[in-house]
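Have a look at the structure that comes next, please.
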Amino acid sequence: MDIRLSGISHSYGEVEVMRDITLDVPSGRIVCIVGPSGCGKSTLLRFIGGLERPDRGEVLQLGAPPTGCLNPLTYVFQDFALLPWRSVAGNIALVLEDHGLPRAQMDEIIQDVLARTKLSDFAQALPKQLSGGMKQRVAIARAMAVNPAVMLMDEPLSALDSQTRELLMDDLIGLWTRTPFTAVYVTHNLAEAVRLGHSIVVLSRRPGQIREVVHLDMPLAERGLGDPDLDRKQQYLWALMRDEARAADAELIHV
Amino acid sequence: MSEAPDTARRVAFRGGGFAPTPRRFVGAAVFILLIVLAEIGTRTGVISPLTLPKPSDVLATFGDLYRSGLLWKHLGPSLSRLAVGATLGVSLGISVGILIGLFSYIRAGLVPLVAALFPIPKIALLPLFVIWFGIDEGSKYALIAFGTFTPTVVATYGAVDNVDRTLIRMGQSFGLSWVSIVRKIVLPGAMPGILSGLRISLAIAIILLVAAEMLGAEYGIGAYILEAGALYDLERLFAGVVILSVLGVLVSMAIGLIERRLLVWRV
Amino acid sequence: MITLNRRKALGLMGGAVTAAGLATPALSQNKKITVGALRFTSHSGSFVAVERGYFADAGLDVELKFFQAAQPMAVAIASGDVDYAVTAISGGLISLADKGAIKVIGGALSEEAGIDGQKILASDAAFNAGLTSPAGLDGKSFGMSTAGSSFHYMGSKVAEAEGVTVKFKPLQKVGAIIGALKSGQIDAWSIVPHIAKPLAGSGAVHIIGSIADYLPDYQVTTVFTSTQNASDEKAMTGDFLAGFSKGVADYNAAMVDKTGGAEDETAMVDLIHKYVYTDRPREKAAPSIINGSMRLNAGAALNMGSVEDQLNWFKSENLVDAKVTLETLVDASYVETT
C-alpha cells in the first residue's frame, strides 16, 4: 500500500505552517522527512496518520493494506507512549485486545514481535524498569504487532543518547532487511536520515515546503557509521538546510 | 610524594542540608515527650485539671470504655456511618468526576455547580438533611456522603485532566475503541490522582462524623465526644479524640497499602 | 429626687430580704464585672437590675454578655471571662464544679404549685397516634440538647415516675429540637412555658403534661459563679446577689403577683423586650413575655433538696463522677436554702 499526499496546506490561526506539499511514499521504502525546527514535520506525520486534518489537500491510501494488517497506519512516538501500568507484553497486548483475536493467536504475535526486537526475556518487566532504548524497542515491537502497512515514526530516536541511538539504528536496519516495511521517518538528525532513508525529503522553514527530495541508492545493510559517501550526502543536506535552520532559530515562537 | 605547600588549604564543604533524610523514632519520641510533659504537668498541678486531663486518666477512661463493651457500641455505628456515607460519596464523586473529565458539556454544566457546592459548610445543612432523610441513619449517611462527594469530584476530574495526552493519542493511533481508551488508559492513568484525593475525602469523612452525630445519635464516637464536651468531661473528650485520630491514621495506612498495590508501576 | 412607689418599695423589700442573709453591701464603687445571660425571660433578674440601676446601687458596673447556650456560658465562668450567670444544673456544670472551677451560689427559677411551669410536649404525629399523656411515653423518643442536660434529667424523671422507658435523642440546640418535634422526627420534649405555649398554639405540637406534677419544687435554674469569686470575693458576690434579688423582686411583683397593675406590667414588658424577642415587634413579643412568666426565686433562695436530687441523678446515670458532693457544687453561705 502506498501513501500519496497531494497539495497539503495548513495554518494555525494566522500562522501558515505548511504550503502545498505533494509527496508519494512507495511501499517497502523508508522516506525520511528532515527540516529545521518548526517546519511542520511532525504535523505532516499527524496528517498522514489521521490524528489531525489539513486545511487543504488530502492524504490518500493507494491500494489495499496487506492481509492480516490490524492497523494500517501505525505510529512510533518520540516519547515511546508506553502505558506505565502494563508490562512489556501487556503494552503489546493492548493494541491487539480490541481486534477479537483468539488468546493463542495474540500470545503468538506477542512472542513473535518480542523475539524480533530481542525482548523475549523482558516480557513481564514494567516500563519503569527499562532503559530508554529498550522502551523504544517495546514501542517498535508494539507497532509491528499490528502488522502495519505504513509505520509513522516521529523522531523515534531523539529521546535517546547517541550510543543507544546507534544500536537502535542497527536494529531498525536489521528489521527492515529481514522484512522490508514502509515507513515515514521524521527526524531533525541528518545522520539518521542518511542511514535509514531510501529517500530524504528536505522541508524549508515555515511555511514548510518541499525544497528537495534526495534519493539514496545504497542498500540499508551496507550503510555504516562513518561511510564517506553518506558523509558527503549528509554535508550536502546540511548545506541545503544551514541558512534555513539559522533563520528558523532566530524566529520568535508564535504558537 | 611532595609535601603540600604552605598555602594548600582543604576545600571547605558547603553542600550540606536541604535534603530531608528519614529519621526514625523522632516522630514517636516527640509524641511520647509531649505526653510525659502533660502527665508531669497535671500531676504536679502546674497544669490545672480544667486545662488538660491527665494522660493516664485518659488511658484509664479508654480502658473502662473497652472493658464495659461501650467502645464497640460506639465504634460500630460510627464505622458503618463512615463506610456507607463515604462509599456513597466517593463512588458518586468518582463517577461524576470521570464524566466531567470526559465530556465537555458535562464539564461546562457541572464544574460551576461543584464549585458552588464545595465551600458550603456541610454541617450547616444538617437540619435540612434531617428533614429530607430522617433523623436516623439517613441524614448521617447523607452528610458524610455529601462531604466526601465534592472533594472526590474535584480530585477525580483533575486526575483525568492530568492523564498523559500522548498516551490517549497513542490509543487513538492504534484504533482503540473509546471504551477501551477510557478503561485501559484514562482510568488507570487517573488512579494516582483519585487515590490521593481519596485521602483527603476520607479525612473529611472522619471530620464530618462528629457533625453527623450531632443530631439524634445515641451511640457513635462523635456522639461520645459531643457528650463528653457537654459534660465537660475532658478525659472522655480526649479518649474520643484519640479514637478519631487513630481512625484517621488507619484509613491513611489503608490507602497507602492500596497505593502500593495498585501503583507499583509508578516511578 | 427619690419617690418611693409601690414597685420600688417592693424591690427594696426584696433586697432587704436578701440582705438579711448577706454581709452588708460593700458598695465597692463601680467595680466592673461581667454577667452572662441568655435571652430568656427567666434571666430577667439581671436585666431588671441593670436597667433600674440596682447593680449600680450595689456599687457594681455590670456588663451583660449574651450567650446562645448555657454550656459555653459555664465554660466562660470557669475561664474567668464571666463573673456571674444563671443556668440550669447540668452534667457539665457539675463537672466544672468538680474540677474546682465553679460554685452554685443561689437559686433563680423553680417550679411552684399554682404557677405555670415547664410543659411536656408531644409531636402532632405522636399525639394522634395516642401519646396524649406522659404515661404513653414508653418506647418513644424524647428530645434533649445533650446527655446530662436538664432536658435529660426531666425526661428521665418523668419516665421513671411513669415506669416507662424512653429513647433520648441528643440534638444539641433548642432550635434543632423544636424543628425535630414539629416535623415529627422526635415524639416528645419538655420546655419552659414561654416556648411551650406558642408551639402548642400553632397546632404542631401538643401539651400532654406538666413537669411540676413529677418534680414539685424543681430547682430549674441557679445562680453560679467561679469558685474564686465565691470564696475570695465574698463582698462582691454579696453585692451582686443583692442587686440581682432586687431585679427579681421587681419582676415577680410585676409579672407573677401582678401587684403593680397593668401599668407596671407594661413597663416590665418594655424592659424585658429590650433583651428578649428583640427580633419581634413589641406587640408580638408581649404575649410571649407575659405567657412565659414564672416566679423567680425571691432573694435567690435555693432549694437544696431539689439540687441534691439532681446531683444524685447525674451520679446514678454515670454522667458525673460519683465522688462529687453537694458541698463541692454549692456554696450555701450566700442565700437562704430550703
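In this document, chain identifiers A, B and C correspond to the written order of the chains, with residue numbering beginning at 1 in each.
Definition applied: contacts are C-beta pairs under 8 Å (C-beta built on N, C-alpha and C of every residue); 3 or more make two chains touch, one makes a residue touch a chain.
No experiment lies behind these values; they were computed from the predicted model shown.
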Using C-alpha atoms only, the most centrally placed chain is B
Most extensive contact between chains (C-beta pair count): B-C
Determine the centre-to-centre distance between chain B and chain C, using the mean Cα coordinates as centres, and give it in whole Å. 43
Report the inter-chain centroid distance for chain A and chain C in whole angstrom, where each centroid is the mean of the CA atoms. 87
Taking the mean of the C-alpha atoms as each chain's centre, how many Å separate chain A from chain B? 47
Given the complex with chain A, which residues does chain B contribute to the contact? 164, 166-167, 169-177, 180, 184-185, 188-189, 191, 263-267
Touch list for chain C against partner chain B, complex: 71, 74-75, 78, 90-92, 95-96, 99-101, 145-149, 167-172, 176, 179-180, 183, 185-186, 319-320
Residue positions on chain B within touch of chain C in the complex are 48-50, 127, 130-131, 134-135, 214-218, 223, 226-227, 229-233
Given the complex with chain B, which residues does chain A contribute to the contact? 49, 51, 70-71, 73-75, 77, 79, 81, 83-86, 94-95, 97-98, 126-128, 142, 146, 152
